[in-house]
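To keep things simple, chains are lettered A, B, C and D as they appear, and every chain counts its residues starting from 1.
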Amino acid sequence: MSQPPVFMGAPSSTGRFGDFGGRFVPEALMPACLELEAAFIDAWSDPVFIDEYHSVLHEFAGRSTPVTYLGRFSKLFGVEVYAKREDLAHTGSHKINNVVGQTLLTRRMGKTRVIAETGAGQHGVATATAAARLGLACTVYMGELDTHRQELNVFRMELLGSTVVPVTSGSKTLKDAVNEAMREWVSCVEDTHYCLGSVMGPHPFPWMVREFQSIIGREAEEQLTARGVGVPDVVVACVGGGSNAAGIFAGFANSSARLVGVEAAGGAAVSNGSPGVLHGMKSMLIQSEHGQIEEAHSISAGLDYPGIGPEHAFLAASGRAEYVGIGDEDVLVALQTLSQLEGIIPALESAHAVAWIMQEAGKAIPRGSTVLLNLSGRGDKDVAQVLDILRGRE
Amino acid sequence: MKSLEVTLRALRESGRKALVPYFMAGVTPNWTQHVAAAVHGGADAVEVGIPFSDPMMDGVIIQKAAELSLAAGTTIDSICAELAASDLGAPLIVMTYYNLFHHYGLRRASGRLAQSGVSGAIVPDLTLEESEEWRAACDENDIATIFLVAPSTTPERFARLARATEGFCYASARMAVTGRAQGAGDATRVVDAVRATSDVPTYVGIGISSPEQARDATEHSDGVIVGSALVDTILTGASPADTEVFIASFRRAIDK
Amino acid sequence: MSQPPVFMGAPSSTGRFGDFGGRFVPEALMPACLELEAAFIDAWSDPVFIDEYHSVLHEFAGRSTPVTYLGRFSKLFGVEVYAKREDLAHTGSHKINNVVGQTLLTRRMGKTRVIAETGAGQHGVATATAAARLGLACTVYMGELDTHRQELNVFRMELLGSTVVPVTSGSKTLKDAVNEAMREWVSCVEDTHYCLGSVMGPHPFPWMVREFQSIIGREAEEQLTARGVGVPDVVVACVGGGSNAAGIFAGFANSSARLVGVEAAGGAAVSNGSPGVLHGMKSMLIQSEHGQIEEAHSISAGLDYPGIGPEHAFLAASGRAEYVGIGDEDVLVALQTLSQLEGIIPALESAHAVAWIMQEAGKAIPRGSTVLLNLSGRGDKDVAQVLDILRGRE
Amino acid sequence: MKSLEVTLRALRESGRKALVPYFMAGVTPNWTQHVAAAVHGGADAVEVGIPFSDPMMDGVIIQKAAELSLAAGTTIDSICAELAASDLGAPLIVMTYYNLFHHYGLRRASGRLAQSGVSGAIVPDLTLEESEEWRAACDENDIATIFLVAPSTTPERFARLARATEGFCYASARMAVTGRAQGAGDATRVVDAVRATSDVPTYVGIGISSPEQARDATEHSDGVIVGSALVDTILTGASPADTEVFIASFRRAIDK
């Protein structure tokens, strides 16, 4: 008798999810990756660490986040939508879950400093926040273009005591910030942990970040059960690197729920990409015919990434999850719709998932289905940008 | 044993320290003339960088060179065609990131390189653990797979890497990407660690930017790799003749 | 045997807290005030209403908010500080507690529209949010100067489907927005509820808003008890109108805790004011020798109010609570200090309370005391302003 | 019965509808001349606004007038001094917000007003419920306390307010602050409601801005109050002579 496959367990000993994942880093970083892997495995089976991780999330970051039934939205679109409210977590998105885990691990490894990459600044702010709390030094690498586009987030990190370094190489955006953080890590790996912001990078990052984010799915599963909703028909989340999606999928990986990841149409690594190796991992990437990595384009800086976490590449290849692309226009409409119907201004990233529900309700999502939406972050950071776009059209 | 290693071991037997300059392929239209000039100036082998969009192990100088080269339309095929058409008179070792070969197809890439006269490859983001397929492809085409070791490498890894590397072992003198640090740093310790388990030739790179540093580094190792310092001169307008002078100055220092 | 006085119970039937409070409104508004009083009394004793109020706060607004022990801050200042994290409530401050209550009451009264005043925009955004959720129409009055200073909050309200009306009379700031909202209420009182933003205005607003905010204090009291901290030595909150302070004080009014309200030095109605009548209430006001109301001045728009809720005037007069003023400079330092030590960027308003702790630790707050700080809101809204100020000094 | 009410009842007995213009004290240096001119033009009593920083019941016109007056330094004392120095030939009724009297001291304020020839006071934000102290102070000084009723007033309140008001009952024609609405609106219903419990003279205000509206309003009531429309002419430069003409036009319409 063949067992059904178990999804979202630990990867292989070399960090593979099926054909994806692994560890593609300079030799100089291998010891740090190995040390991190060992430290994570040790910590993640230590009740003291797990307790502290949960209590910091609870007492500092505001977990658990609620599940909100979107009554007016559901009525209008004919499907029953529940939103997991990561927008209410401290610093405004799910990013805090991961950095709380990684900074506690940093301290446990005896390191005194973290570095991080950031695109729009959400992961940078979250890292700066968690570092401040533990008194860790923190340097954040951010594409120079992004430092201008997100000046307030730069200042926010500085207020929190972090140093922000503008990255002037390449496209001067997120993927270059990752490159630069990796380069810097080489020269400070002894006392510094690289606090990666999504389920990407070399093993153990994709696994570790998913584990730190899986609290989203575990909470949601319990909350829906407690409310009598049970397993939803569909679980949907936006996908940049894929950490919020991985976090919520983790609660339903081996249930009957359909799992849907929504990428930005201009950065849809699964739909438009091909297998490749970047930033330490083998995954799906958007690349030229010659294997050069292309720039992603999205209205939302957080989805402006040409790759996707390797576990998602595997979930796609195995058919367990579907990945779809949504364009900027639909995202703008979705942001406005949710704001006006429910009093929740979603992050542009999260609005991708909202837009997909609006597009597919009554079609790919049969009428009356229950849908769990991961509302990965709040839109306050995006209001100025949306204002500019909408004003520019008047 | 791959041909490259045979050659480089013979070089060591001859008592000569190896001088290996790095060039970014396609950075200027006459880049192969720079390579030829370097060989004239005393280079024993040449590293040929294939530009990649996301050079994670490289500092600003080589990043810049890669951007220029990519903007000029450089591809694996264009480089191979140029190499095949030139007779450069020294072993050629390509250096680039794994995605390019992965995308090209591993066997197809190694075959194409071999046909173009390349005898070794350095892929800095390809770890030993992930290298099996690539090494198999290289084996079919007599291409040596060269691994790096670093100051952070653990004893157990030193042993495995020194055993696995072919042609030579690339010893990073410093914990840094290319072009960011100066001087021999931990070179002695790293070279010793390699030698503790293997007699493969061991060259020091990362941080070698002057003839003096090269001389110091070769006192304890079998050769040096000169990268960013050289690329920098080309980016700022050096001619092939300048390159020859540049390399010759390193040669003299090493041979002293 | 004389009973000790009971603080923070219901006011007198005419809405008095001692000598303060009452109802000073145009006759045209009297019926609405009376209707509201009756509706509130009815609703607040109806378990169905109370349940809905709590469940909306829980499932939509993210309550309960945690109490965070500020470890590094405490260590540095030698007092044990616990922060009640209203910054984590939906829309970023305690304001949501009140508007959830008032919008539910609006619907219960059969009204279909709300109006509100706002200063910095926090209460306006909260009202727009709660109104959107229930499908109520919403118009927000905002001083014209403030609409320019807080352009993003204006757009946020518009995104939520509200209309924002710039008020061009008087000083074009908060107090004029209140005047204008009152004027407008006169002409639409039949179908419209005036959703006042603090514990001010005519009876029953000061009482009702305090009741809707008292969840802060009740939660905090339970949380500190559960953690074994018990009753803190000091409870401190910033005071604009006084709603967040009233909310947290309510949990400790009849305990041994010292209650401290921190006003902006440039708007210190208790310290520098005198009794008077404004905006429907008798309270302490900053006024000229002729009884003209003066403009308050504060770095924080939310404390830029020349009055204070009448119950605070009473708590001050009775000696149950103390009120102190803190200047802009100390507030800026406090905001930076808390950010860097704890990874929490407080609202400028809340930073007043932080500054007071920093000033008095080891003095008016003996070493080792436990202090409960109401962190009324997050500082994201203030980051641009603080950036401008600090940059201007470089 | 307060003197004001005696006067106004006598006016009604005489068959004359009362015309009560509103002036913002201190809005121009010659504001008392405007008042005098209005009396000349046919005003039966005059409302004198004392400027307050936060005029909650007033629309933009009277807000503007109050700002100008305050900027010119107007105070209760300055107004009283000017009133005491003029002989304006008609009952004077002040209108302002409660804080000014509260701050001045209720007995002191009513005494000072009485000494200056004022015989009535309208305090729109002072509810019947909160008015006890103020009424007591006014009683000592023969100042009539005038209450407003509004379209939203409930039957029970109509009865209490109509009984409490002195001099006249101020019937708001509309649910609006001053200067925002036009026309008699609910005036008939409101006036009837007052009359159902009291025979106090009942004047209609709020929304009366043209002679025709004034005529319509007096058909069913005992008089009208004209505020913003008049203040607007003064803000835009009307002279006392213009004010006389303005008031005379209302007088003619009412008397027709």
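Here is the rule we go by: a contact is a pair of C-beta atoms (placed from the backbone, for glycine too) under 8 Å apart; a residue touches a chain by one contact, two chains touch by 3 or more.
The structure displayed is predicted, hence computed values, not measured ones.
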Chain C and chain B - chains in contact with each: A
Label of the chain whose CA centroid is most distant from the centroid of chain A: D
Inter-centroid spacing, chain D versus chain B (mean Cα positions, whole Å): 96
Chain centre separation (chain A, chain C; CA means) in Å: 35
Averaged-CA centre spacing for the pair chain D and chain A, given as whole angstrom: 66
For chain D, residues that touch 2 or more chains besides their own: none
Of all residues in chain C, the ones touching two or more other chains: none
Contact graph of the chains (line, ring, star, complete, other): line
Of all residues in chain C, those that touch chain D in their complex: 14, 22-32, 34, 169-170, 175-176, 179, 182-183, 186-190, 274-280, 282, 285, 287, 290-294
Residues of chain B defined as touching chain A within the complex: 52-60, 63, 67, 70, 75-76, 97-100, 102-104, 124-130, 147-154, 157, 161, 172, 174-177, 180-181
In the complex with chain C, residue positions of chain A that touch it: 58-60, 62, 65-69, 72, 85, 87-90, 92, 128-133, 135, 151-152, 155-156, 159-161, 335-336, 339-345, 379-380, 383-384, 386-387
